[in-house]
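These notes open a run of structures that come right after.
In the two assemblies presented below, chain A is common to both, partnered first by chain B and then by chain C.
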Partner chain A sequence: MMLNFFDQFMSPVLLGIPLIALALLLPWILFPNPAARWINNRLITLQGWSISQATHQLFTPLNQGGHKWATLLISLMIFLISLNLLGLLPYTFTPTTQLSLNMAFAVPLWLATVIVGLRNQPTIALGHLLPEGTPLPLIPVLIIIETISLFIRPLALGVRLTANLTAGHLLIQLIATAVFVLLPLMPTVAILTASVLFLLTLLEVAVAMIQAYVFILLLSLYLQENV
Partner chain B sequence: MLSRLVLVSANAAKNSSPLGAGLVQLSRLHTSPNSQAPVPPLPEKGGKTRHGIFPEELFQLLYPKTGVTGPYMLGAGLLTYFLSKEIYIINHETISAACMATVIIYSVKRFGPDVAAFADKLNEEKLQKAEEVKALAVASLAQAIEDEKKEQWGVEGQHLLFDAKRNNVAMLLETNWRERVHTVHNEVKKRLDYQIALQSLHRRMEQEHMVSWVEKNVVSSITPQQEKTSIAKCITDLKSLAKIQQAKATV
Partner chain C sequence: MPQLNPAPWLSILVFSWFVFLFVIPPKVLNHSFMNEPAPQSAEKPKFNPWNWPWY
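Up next, the complex of A and B:
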């Protein structure tokens, strides 16, 4: 089968069955449940340690009300990290390259932070629209700008994740194609390009984890303002 | 017949007492077919693998029929089959897969032992904390035993203390008794002295009385004639004495 560069971004369907459901569910089996034991094996120990470190990092700046969001946000982060990293393997489909999925994560969560803020402390939530210490003539303009920035947030969250992953995958494809084509023609150039590909792969691994973390971090920041 | 009695009474005890039902359940621990206790221990290491991904059991499975090189031939054959029949086509994904494989293998080889040691350290720390508590408890109990032994040794020497105290008390009692005897002695002496004084007073008074009576009688018995003669004698004596004295003085 000859792959074109668009196949990796099409939601896979086999005989009319959408396989994206499998792509979304199967990463679950990679994370074992902690057994009913006091001392576990290395995988569960490391998993528990890293989750507790991440939770501590993200939720120390938040107050008690924000800690209620910990389960949701940390499980979302684990989900995104696993989806991103599994997508780097060959012939896999990365669900997070689909804008629909990322917007489906970003918009409801962002909206939830805004509504929580407006319900519980409307004055403070609206007060975030005006940064401290702005000179008097600038106030109307700044409020408009801040409102626009507020409504851009979900778009930014979703599109950031989509764009980073899509661009990364596309770059890997293109440079791998370059290597593949150059290999019979000019092997040395192919080797150089392969080294570029190696560095790019490293970058993509980093980006995969960082983008997921940034998604959650920004959501936690929005939460911090509003809770 | 007695066994029937025992059975009937046991049954009655089971049904009546509040602990009876529980005691029956106690004897049936871990015997039902669904029981999972006690939980078997976790294996120390994961399953053995050859080259990181192929389980050792595959090699053991193929060994009797195809020997040591069997699984390798299987792998090479499969690869050749997929490539030659164009079931798997080499394309850009192969290159990117090779790149990804390099990254994964390098990171596992380089960071694997460190990560494993870190995970082991986390578990060790957990165990160590519990061990510390246990060691502390054991140490405090050992210290308690030492202190108790010291106390017992101390108690052995206590009889000396008791002897000293006993002697002390005996001495006090002795002193007290002696004081009292002394007091009694003094009192008795005072009484006796009183009696003696009384008697001597009595005798003296008798004596004085007798002397004064005798004197009175004597004085009263002196007649005026006798008194004149005695006075005249005294005068003549005095004159003679005065003469003698005068003679002595002139001589």
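Up next, the complex of A and C:
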């Protein structure tokens, strides 16, 4: 059997138990439930502070109707950021590399923004299909193009997250293998490659947080159009 | 690519939505935020007393 670098993304199963269940259930131990106190410990204070900052950032541009989505979108943000960051630890499984999970969130949430828009303000929602100031002969073509771009959104949302995380993990594994193989042969090159690996890991930490944020941001933008 | 194997897709969908709907929001909603402490000013703010009847 050839070494296949994609094997790290197989949904792991141990003794018949799908371990993705553990990967999805255990990270929330890191988020303790705040007690009914005025001042909590440092961890809870920090988490509460970042939650309130994120909520403020994301929902200030939205009008009142969009604020109903705050719980949902902030929960999704915590979900994605924790899963992404924990996946960077060695030997952990990242559920967000699974296309199934990302599409499972992208499609229903995008569809919900579209349905909310079409139900509450159908004219405005359909009006988004034609940008202002389009020259008359271009109108049919542009409506088709905008409709295609509308339907590609959930696909792009899901695949963007999957691809970014999968590519990152793959690169880390590739370069780590290179360092490991080079160490007995050419130690200097191995050390240089190890520094590349270090920088790459820092990049991946950033990517993990950014990609989760981008997911939420785009959903809030789609919401902004429709609410 | 093993992610494209459709076999676990439904169970992953169900399980991840279960966690997303029932595990995380209670934790997020339990965070409560205090008002900023305001310095006590020397003069009390002027106010109009209640002068209309209970309905």
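Throughout what follows, the second predicted complex is superposed on the first by the 223 of 227 C-alpha atoms of A that agree within 3 Å, B and C clash if a C-alpha of one lies under 4 Å from a C-alpha of the other, contacts with A are read in each partner's own complex, and residues count from 1 in each chain.
The rule we apply is simple: a contact is a pair of C-beta atoms (placed from the backbone, for glycine too) under 8 Å apart; a residue touches a chain by one contact, two chains touch by 3 or more.
Given the structure is predicted, the values throughout are model-derived calculations rather than measurements.
Legend: residue contacts after superposition of the two complexes on their common chain; A:Val114 is shown touching neither chain B nor chain C.
Of the two partner chains placed by superposition, only chain B is touched by A:Leu89; chain C is not. Of the two partner chains placed by the overlay, neither chain B nor chain C lies in contact with A:Ala23.
When both complexes are overlaid on chain A, the residue A:Arg42 reaches chain B alone and has no touch with chain C. Contacts of A:Thr201 after superposition: chain B is touched, whereas chain C is not reached. Of the two partner chains placed by the overlay, neither chain B nor chain C lies in contact with A:Val227.
Of the two partner chains placed by superposition, only chain C is touched by A:Leu76; chain B is not.
Once the two complexes are overlaid on chain A, the chain A residues touched by chain B in the first and by chain C in the second are 36, 38. On the side of chain A, the complex with chain C involves touching residues 6-7, 9-11, 18, 20-21, 24-25, 28, 31, 33-34, 36, 38, 44, 47-48, 51-52, 71-72, 74-76, 78-79, 95, 97-101, 104-105, 162, 166. Per the touch definition, chain B reaches chain A in the complex via residues 39, 42, 46, 89-97, 99-100, 102-103, 115-116, 118-120, 122-123, 126-127. For chain A in complex with chain B, the touching residues are 1-3, 35-43, 45-46, 49, 88-91, 172-173, 176-177, 179-180, 194, 197-198, 201-202, 205. Partner chain A is touched in their complex by these residues of chain C: 1-6, 8-9, 11-13, 15-17, 19-20, 23-34.
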